[in-house]
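These are the structures in question, set out in turn.
Shared between the two complexes below is chain A, which has chain B as its partner in the first and chain C in the second.
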Partner chain A sequence: MRSQLQERTLGAEHIVGLGGSSWKRRKLVLPWLFVLPALGLNLVVTIGPAVGAIYYSFTDWSGVGKATFVGLDNYRQMLQSSSGFWSALAHNLLYMCFFLTVPMAMALLASSLLAPIRRGAMLYRMGLFLPYVLPSVVTAFIWQSLMDPDLGLGSLIARWTGFRGLAQPFLGQPHTALPAIAFVDNWHWWGFLMVLFLTAMQGIPTDLYETAKIEGASRWQEFWYVTLPGIRPTVAIMILMTSIWSFLVFDYIWILTQGGPAGASEVLATLVYKAAFQNFQAGYAAAIGLTMSLLAGVVIAIFVVLRWRGWEI
Partner chain B sequence: MQKGLNHTRITRRQLLRGMGVGVGLLAIGGLAQACGSEGSTPTSSVKTSSSPSQVVTPSASPATAASPTGAVPVGTQPVGYSGPNATLSMWFDTTGGAQGAKCVVDAAITPFNSMQSKVKVDPTFRANAWDATRTALAGGGGPDLVGTPGPSFAVALATANQLAPLDEYIARYGWKERYLSWALPLGLVNGKIYSLPNEMETLVLYYNKTLFQQHGWKPPRTMDDLMKLAAQIDAAGIIPFAHGNADWRPANEWFVGEFLNHVAGPDAVYQALMGQKRWDSPEFIHAIDLLVQMQKNGWFMGSLARYYTTNTNTRLAAFGDGKAAMDIEGTWVIANLKNYFGKAAHNNNEWDWVPMPSSSGKEIFDLAIGSTMSINANSKNLDAAAYFLDYFFSPEVDARVVVHCGVEPAPIKISASQLKGMDPRQIQIFEHLVQASNEGSYGYTTWTFWPPAAENWLIEKIEDVWAGKMTVKEYLEGHQKVFDQERKEGKVPPIPKR
Partner chain C sequence: MLRTLQSKHLRLLPNYVILTLLLVFALGPLVVLVFNSLKSAAEIGRDPLGPPTQALWSNYLRAWEIGRFSVTTRNSLILVAGTVVGVLILGGMAAYSLARLHLKGGGIVMLYLLVATTLPIQLFLVPLFFLWRHLGLVDNLFGLIIIYVALNSPFAIFLLRSYMLHIPSDFEDAARVDGAGEWQVFTRVIVPLSWPGFLTVGLVVALSVWNEFLLALTFLTDEDHFTVVTSYYNFTTQFSRDWSLTSAAAVMMIFPIVVTFLLLQRRFVEGLTSGGLKM
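So, the complex of A and B:
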């Protein structure tokens, strides 16, 4: 007969033994159980419609009623020169080039200037971040009024100084519409980048700067050899996100010009909207949408490949 | 399209004037004569209608009143509802502001809910209600009472079996007699009617009357007159047309549609809509050429770029202040014009109107329907929904909503006395609309009679023509291609026979 202690020990060992594999199983399963509700919601809201979009992109579907399978017809239509796809894609790429340079440079400059400031730092950060918290509709309407050639900021400057260069209908001219929209979007966006870079800069050890000073580095050399490498992961992730978001841009363009004048600010997202909700061509819209996702996927793939090759991004 | 959101205060003078022209407004009923599928009997005098159920007596001036020559259609009392208690959902669009929607609820929904207890309408205000409705219907849901921006949209929903047929209710409630005879067929899909048209509109040429008097200009009757006058106005340093599309890009189609109908002629447009004539025919090319010339001359707000960046408030302010002389626009703008003329706008200017000029000089009024109402095929309360629609589209209720909320009337027979408080100029427009329709002199607006992709082609690609990226011929050839495809797919809305 085993003693109670032996039994307890044996029981405990048994429990430990069972709990060893059962604990391991629980350790594997439990996190999934916690994640399951969110995952389920994601499946329903994101994956489900995404799979549906893939299917509908191969159909002639008005958005209501039945969908008729048409194979690659939607993609063929999209790739024709008359569809507007190529010029819209070109506009998205221009948008990407703008946002990979101008706001990045502004944010890096502002954050490196603000980083050493202690007094009033929060005030500066709040002031520069404030545009980001405004809804895009509000920002767009403010700037639409400011850009009015007769009643806006440009005409005010013209009345004070005689300089009429800014009293132009920027949103109404094909060659200035897209840059004007990019300007408005940048005004909204760059403060957010600045705050991100500033936070990343504050994680750089100060002794690196001290060492650089001792070595006789100039301000620019400090920035180039200490600051930039120190915030490289943040910069890399923002380059990735900016590139992807450039394919998705919609709100400012829709509010300010709806892709006009004469298609000068048309982008892929506005093409999708018009196809789906104005032309009742939801299948064709799904084809364009899927293409946008593929383009974003190409950007992600580039990053993955570079990382795989050892780039520290 | 655009809805006025103002409550109209009735002065004594307006009331008397309204009563004086009031009888003439019964001319609305005469539309049935010209537009009905049975064909129309042109009346020898504009003062009478051959239909015993309508009174058509347009008056020559606000001061005179013509006597009714037939029975006035009695305001229809809703037929009683004997079904189970029901709550109906109805979505109201609040894009651009909720004031108009709330006015309609106050003027029509609240009294309906108060006057009986069996059927309640539960209004919901939401922005982009149409997008929400389409999405909800696709998922099998959506409101019981389905509003759409126009007949072509309702046709798409009906084709997808998302709307309930209304023929049984049309017979039960006598809607065929209530509606103008060209109106109900707009909801026909495969032989059944699925939507009731609402917000009857047309487009005219408004002009700054005070400015015209100061310069000795006469309102134009023909397109030649219009072009010469616009050149004169431009030479005087005044903007000929207060046009801009910054806040409503589809405004492009107002001008395209007007020029197609009023230069090429409504007969040609009808033939093209029926597939009997090509859109790139010489008369249509000439029509769009004239429009392009106007834009190139900078007659729309001073330049093409200004046209793209001028919103409604700015252009109507210019119109009211006399900086712009004319405005080609729909009857929806009338409710707003009083904010830009006279005391409210701190100027001493007045506006007036003439029919949009035509090449022939004949009065042509283009027919338009701004929205439709239907019943959700998945609604559990079809009979209750029909009971409400019978109330909503009764002459008394529609007139109340028109007068109090500044929206446009449904194409039903409303007695003039029910429209007291309406701007007498607006009443005159409808009188003339009826008169012209009696004579078969009506045209077709793009948002009512075109299929969706072809309509959007007209709106979008005209900007390419204005920018010189496309010729007029290419524009119309492209339109023909898109139109043909949609015609093949059965997407062209029903067209009233001429």
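So, the complex of A and C:
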């Protein structure tokens, strides 16, 4: 499969005796020289501190000064019910349930509706994707205003219809804070999923749809038996990534409620942040951070095991 | 034929209806934002969702001054430019090595990069912060650029590598026969030929850096070093009741993003969705 030029070049090298040891060294060392800057930088910024985190999680380090070894104390403190760890974890899991369902359903719906459209397809694609490119602070502000009980959408609806149900201070109430945050995050996120699924759908061969039509399949059947299996790998990857990311969410919770009111929307990431930068408990924060990674690792492990067991994911 | 045209359109009508409703859901809030940016605070109090009776452009001037946009925009631009340049050079070199230079152990490097992208920031954020403080790199734009370059490189490497793999090797071979060193092959042959990949990576990284919140919040503590995003965060907590100001500031912040996005949509979407399981 080599081109003639390549053959001649390789032959020439051999004849001219360039197959010496300095050429070999160049062949081995040079590629690494090209890779090392990026690789090295990444190692210094991620792995180095990550290993440090493992070590510090077993100490009482405050971020400055000495770090005394305290064994499993941080972990014991974390696992007590008074630490807020368990309710934060529960919130992360609720977040996961939300994000594995609502945005997925919306994205699957919109992409399957958009796939057969020609006229105006670009308008819909770009318009529905646009919220995804906005910074979280702006999205948060937009929806904080819209969710305002006096000046938001809810009060407008109340004025028009008398229905006051949507004019609540969603972000200020313990039982509606987390769902409200999830709603805002969803507004930002689902367009990305939609375009991803749409792109995947465009890879499904059209004769599969034609066969379905000939066999008299309804729209739903078409979706369930042709579309969905056709994009299965993409959906599977996004289920995996969503599950992992659910343990790591930070931005919207921090901007909208900082974990409040009274821990009603606290998540693991906000616990880490507060412990490290507000309470000067860097060792404890490292312990929570490590736990978060372990949880993400468990998700990956489940995925790998299912795959190994033959589940076609 | 008339009948089939009608039935085809009728069949897609529910599609259009639902999609349009979703479009209103997606873009409606942005329209309201623009409306509010042109109203006075009093008018917003009376009519929080409708169009302005008179466009109050002075809101933008006030927001620019109070939000210190000249300083923060400059900071954000420095971060974006520094990171994009760093990522394209370092990532491009690494991608070239993995795609073309038959790196021994390249598979392991790729695996490491894959794993590195799944590591949660919270795991290494705390020690990284204190390490950076020890090195004097906290509250320092350059220090943050280093972190951004490190974190964005794996994605860039994957994307650029796949672009480079598609270039036929004849061009490099010709250059090598002509006596070009590897660096010259890289800069004069590979980079020009894979420029769409570089552009796509540049756009995705630029967007990611401009919008970034957690690291900018943690690592930049002095007001003069704030980015557009973190200063806006302070802005909204300070001026939480003056929506005319905060709306105007928000529009100014997202305007460059939206314009760039509309002009270069395809590249953005392609870049964000292909390797983009990162944002």
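Going forward, the second predicted complex is superposed on the first by the 279 of 313 C-alpha atoms of A that agree within 3 Å, B and C clash if a C-alpha of one lies under 4 Å from a C-alpha of the other, contacts with A are read in each partner's own complex, and residues count from 1 in each chain.
Here is the rule we go by: a contact is a pair of C-beta atoms (placed from the backbone, for glycine too) under 8 Å apart; a residue touches a chain by one contact, two chains touch by 3 or more.
This is a predicted model, so every value here is computed, not measured.
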Overlay on chain A: chain C relative to chain B, clash or fit: clash
First, second, both or neither for A:P174, with chain B first and chain C second: first
Contacts of A:G260 with chain B and chain C, given as first, second, both or neither: first
Touching partner for A:F280 - first (chain B), second (chain C), both, neither: first
Which of chain B and chain C A:L151 touches, first, second, both or neither: both
Partner chain in contact with A:G65 - chain B first, chain C second, else both or neither: first
Touching partner for A:P103 - first (chain B), second (chain C), both, neither: neither
Per-residue contact with chain A, leading partner among chain C and chain B: C
Contacts of A:G230 with chain B and chain C, given as first, second, both or neither: neither
Part of chain C, among the options 147-155, 165-173 or 219-227, whose backbone runs into chain B after overlay: 219-227
Intersection of the chain A residues that touch chain B with those that touch chain C: 63-64, 144, 148, 151, 277
Touching residues on chain C, where the partner in the complex is chain A: 12, 14-16, 18-19, 22-23, 25-27, 29-30, 32-33, 36, 44-45, 48-49, 90-91, 93-94, 96-98, 101-104, 106, 109, 112-113, 116, 118-131, 146-147, 149-151, 153-154, 157, 169-170, 173-174, 176-177, 182, 186, 207, 210-211, 213-214, 218, 228-229, 232-233, 236, 243, 246-247, 250, 253-254, 257-258, 261-262, 265, 268-269, 272-273, 276-277, 279
In the complex with chain A, residue positions of chain B that touch it: 131, 134, 137-138, 156-157, 159-162, 246, 249, 303-309, 314, 452-453, 456, 460, 463-464, 466-467, 469, 478, 491
Residue numbers on chain A that touch chain C, as the complex places them: 3, 5-6, 9, 12, 27-28, 30-32, 34-35, 37-39, 41-42, 44-50, 52-53, 56, 63-64, 106, 109-110, 113-114, 116-117, 120, 122-138, 141-146, 148, 151-153, 155-156, 187, 191-192, 195-196, 199, 237-238, 241, 244, 247-248, 250-251, 254-255, 268-269, 272-273, 276-277, 282, 285-286, 288-290, 292-293, 296, 300
Chain A residues within the chain B interface of the complex: 62-66, 82, 144, 147-151, 168-174, 257-264, 274, 277-281
